[in-house]
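Next come two complexes built around chain A: one with chain B, the other with chain C.
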Partner chain A sequence: MAVPDMRLTVDHATVQRGAWSLFADGTFSDGIHLVSGVVGSGKSTLALVMAGLFVVTSGTVKRDGIKSMMLSMQFPEFHITGLSVAEECESWGLDTGTVIRSARLEISGSVSPLSLSRGELKRLHLACILARKDDLLLLDEPFSSLDCGEKERLCSQLNARSQGITVIFTHEQSAFPRVDQIWEIQNGELFNVGKMPEALVRWQHAPALIKKLLDAGKCPANLTPDAIREAACRTHGSG
Partner chain B sequence: MITLSDIRFQCLNIDTLTIPPGITSLIGPNGSGKTTLLRLCSGIAVPDSGQILIDGKPPRETETGWVNEFPDKNILFSRVSDEIAASLRFRHAPCHETEESVRRIADTVNIGHLLSREMREISGGEKVLVALAAALASRPALLVLDEYDSHLDRAYCDRMEMVIRESGASYVLRCTQNMETAASSDHLIFIERGMVKYSGTPDTVFTSLSSTSFYPLSWRCPI
Partner chain C sequence: MQDARIRLGSAALLSVAAFISVEGACAVFIWWLLFTPRMRSVRNRSMILGMLALIGVVAAMIMISGGNWVSYFARMGVILLVGMWLYTEQEHGDLLSVAVWAFGNRAGFELGMVGECAMQVAEALSGDFSRIQFAMRLKGDVWGIKKLVPAGLILIHDAMVRADTITELLAARGYQKGGTLCPKFRTGPVDLLAGTCAICVLIFALIPVSEFFILYR
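The block that comes next holds the complex of A and B.
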C-alpha cells in the first residue's frame, strides 16, 4: 500500500504577544526546509507552533499523514530529564551504548549529561532524536555548539533520512544539508522563498559566501559544501 | 599579554601559551577544552596547578565581561534593562549614570527596543545580545565570549564584530564554530584533547588545518 504524502499545513496562523506578532501561512511537504530570519523574528515560536506546543492567536496547524514528530529545542539543556547519560538515553527508550557510539562520544553512561561540554551534550541529544526516525522533525538551531566535523556529519544524517519532513530553523552560515525549499520570516511574516536553486537569488538572509557567488554570476545547485565548491570553481558563465 | 604556564585543570594540559592583545578565537573539536580555558582566563575557575597572568595580574584582579552561549545560566534579573545595569548597580554607580550607560550600550548593540521587555519573553539570540550588553557595561579589560555567535544572524554578527572591536577591551577571547568569524580574528588558537595544537595568525593556523573541516569554506572557494 502506498504511503500517503505527509503535509504540515500552517493555515493563516497568527501569534500576537504585545506589539510583537507573527503570521504564517504555508504547506511543508516531504523534504528538507530551511527557515531563516533575523534574531527575534519568531523562528523558535514558529517551531513551537508547528509542534503544537504554542497556542496560536488565530488560524490552525494541520499535520496530514504525519504519525510522529519531534522538536529539538535551541538549547539542549531544556531536553534533559535523566541524572546520568544512561538514564537520559533510557528516557528516550534507547540503548545507552548505541547512542554513545552514534554520537561518537568517549564517555561512560554513568556521567551526568550536564557534566558534558555543550557540544557533547548537543551530540548526545541529536543522536537520541535522530534514532527515532520521526515523520516530522523540527530542528531549532541544530548546528549550534557542534564543531565543524560534527556539523558535516549531521548534514549527512539529515540527507540520509529516506522520507519525512525536516524543518531547520537556523542562523548557520556554512554547514547545510541538501535543502529542498527555503523560507524566511520578514517583518513578522513567513514567506516561502521557493525551491532550490531558484530561491537563492531571492533569499534575503543568504550567507555571505552565497551572496558573493551570486554576485559573481555563479549560482550553486544547492547549499551543500560540494555544491558551493562546484559553483566557485565553475568557469564564469558556464552555469 | 596573557600568559599561561604549566596549566593542569580538568582536560587541559598547557605548558606555555601567550595570547597577545586584540581578538583571539579558540577553535577545536567538541570537548577539547575551549570553554574550560575561557573559564580559567576569566577567573571563573582556578587551575589545579600553573599560573595565568593578564598583563601581570591574576584573572580575578582583572575586570572581565563574560558572555555564555546558553545565557539563561547567567541571567540574574527579570527585566532586560535591569540585567544590563547589574554590574553598574553592584558597584553603586549613580542612578543617572547607570541609566545613561544602559541606554548607550543598548543602542550600540542595537537592542534599545528590548529594554522594557522581560528576559523570559525574548528569543535565545536576543538573550545573547543582552548578555553582551551587560558584559560591556563594566568596560572590561578582558571580554570573554563563549560561542555567542551561533544564535545570531549574519547582520548582527557583523555588527557585533564592530562593537567588540570598538569596546575598548584590551583582550577579547572567544570560542566560535564559525570559521569565517575565526578567520577575521587577530590571533587563532586550535585546541585538541586539552592541548594547544596550533597558535598564531589565522593564516598560519588554518594552513596547518587545510585538510580538515575547520578550514574556512570561503578559503576553499576563492571567487
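The block that comes next holds the complex of A and C.
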C-alpha cells in the first residue's frame, strides 16, 4: 500500500511579541529540512509553532498525512517527567534497557535523570525521541551539548530515518546529516533557500568551510562529512 | 510609577497594611485601583489564577477548621495584587539602585545584586514552567497534581544550576565584595501622591476602625 504524502504547511503564520515578530510561509515535505538563523532569530518559536504548541498571531499551520509528531526542545531537562531514568523511559512508552544501550550510557535505571550531565541527558532524551519513529520530527538545536562523536552518531541516525519529515532548527556549523532542503530566518522572516545542493550558493548562514569551498568553485553535493571531503579533494574539472 | 524607591516602599507598606486587617486590605485595594494600571499590571494571568487557587486551598482549610477564611482570602488576595503590580513595574537594575541608595556601595550592592539575581530566576521560572507543560503535552500526559513533583524538581534543579553558573561567572570576573553605583531616580508628582497615600493606608490599617467613629459612639 502506498504511503500518502506527508506535508506540513505553514501558511502566512505570524508571531508578534512586542517589537519582535516572525513571519513564516512554506511547505515542508518528506525529507530532512535545515532551518538556520542567528541566536534569537526565532528558530525555537517557529519549532513551537510547527508543533502546534504556540498560538500564532495570524495565519495557520496545517499537517497533512502526519499521524504522529514530536518536538525535541533545546534543553532536555524540560522533557523530564519521571523521577528516575526508568520512569522517564516508561513515560515515552519505551524499554529502559533498550534506551540506555541506544544512548550508550553506563547508568542504572534507578538514578535520577537530573543527576546526569547535560550531555548524558541529551543523549538519553534523543534516544527516546528517535526510538519513536514519528512522522514529523522537530529538533530544536539537537547538536547542543553533544561532543563530535555523538554529533556524528546523531547525523547517522537521522540519515537512517526511512520516511517522514525531519526539521532541524540549528545554528550548528560543523555537523550535519544529509539535508534535502535549506531554510533560513532573516530579519524576522523564514526564507526557503532551496533544495540541495543548489541552495548552498544562496545560503547566508552557510558555515565558513562551505563558503570557502564555494569560493574555490567546489560545490559539495551535500553537508555530510563525506560530501564535504569529496568536494575539498576534488580537482578542477573532475566535478 | 517611575521612582523605584517609592514603588518598593509603597509595596512594602501596602503589604503590611493588607496583612493587618480586612479594613486595611480594602484600603489597599482602593489604592491599587487608583494608582496602578489594574489588570493590565498582571503580566501572566494564568500564574495569578494558580496563586489564587493556592490561596483558595488554604482558605478552604481555614473554613473547615472553623476559622475566618474570608479575612484570609481577602488579605492574601490583595497582597497578591500588589505583588503582581510590583513585579510587572519592576525594571532591571531597580533593586540594585534602591539597595545601593539605602545601604551604600558595599552591603547595599550585595543585597541589590542578590535581589536582581532572584528576579532573573523568577522570570526564567515562568518560561521554564511553560516549556515543561509543553513537554507533557507532547508525551500525551495530562497536567495534574501528580506532575507537580517532577516539574517542581526540574524548576529547583534549573534554578540551582543557574545560581551556580552566575556564582562561577562572578568569581571568574574577580568579584569579591560590593561595587560602585550612582543610582539615579525620576520622581513624578503622581509618585509622591501614591507614596503619601500608601503611608495613609498603613496608618488607617493600624488604627482600629471604631476609633474613626468615636464621636458617633
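Assume the second predicted complex is superposed on the first by the 238 of 239 C-alpha atoms of A that agree within 3 Å, B and C clash if a C-alpha of one lies under 4 Å from a C-alpha of the other, contacts with A are read in each partner's own complex, and residues count from 1 in each chain.
Just so it is clear, a residue touches a chain if its C-beta (ideal position, glycine included) is under 8 Å from a C-beta of that chain, and two chains touch if they have at least 3 such contacts.
Here the structure is a predicted model, which is why all the values come from computation and not from measurement.
Overlaying the two complexes via chain A brings chain B and chain C into a clash. Contact with neither chain B nor chain C is seen for A:Asp135 once the two complexes are overlaid on the shared chain.
Touch criterion met: A:Leu114 reaches chain C, while chain B stays clear of it. In the superposition on chain A, contact is made by A:Leu146 with chain B only, not with chain C.
Within the superposed three-chain model, A:Ala208 lies in touch with chain B and out of touch with chain C [touch as defined at top].
Using the contact criterion defined above for the overlaid structures, shared-chain residue A:Arg17 touches chain B, although it does not reach chain C. In the superposition on chain A, contact of A:Glu77 is made with both chain B and chain C. In the superposed model, A:Glu184 makes contact with neither chain B nor chain C. Between chain B and chain C, more residues of chain A are touched by B. When the two structures are aligned on the shared chain, A:Leu53 is found in touch with chain C, with no touch to chain B. After superposition on chain A, the chain C segment that clashes with chain B is 165-173; the remaining candidates among 57-65, 165-173 or 201-209 show no clashing C-alpha atoms. In the superposition on chain A, the residues of chain A contacting both chain B and chain C are 75, 77.
Every residue of chain A that touches chain B in the complex is listed here, in rising order: 17, 36-40, 42-44, 74-75, 77, 105, 116-120, 122-123, 141, 143-152, 171, 173-174, 205, 207-209, 212-213, 216, 218, 225, 228-229, 231-233. The residues of chain A lying in touch with chain C in their complex are 48, 51, 53, 70-71, 73, 75, 77-83, 91-92, 114. Note for the complex: chain B touches chain A at residues 28-31, 35, 69-70, 72, 114, 121-126, 129, 147, 150-157, 177-180, 212-214, 216-218, 220-223.
Residues 128, 131-132, 134-139, 141, 147, 149-151, 153-154, 157-158 of chain C are the ones that touch chain A when the two sit in their complex.
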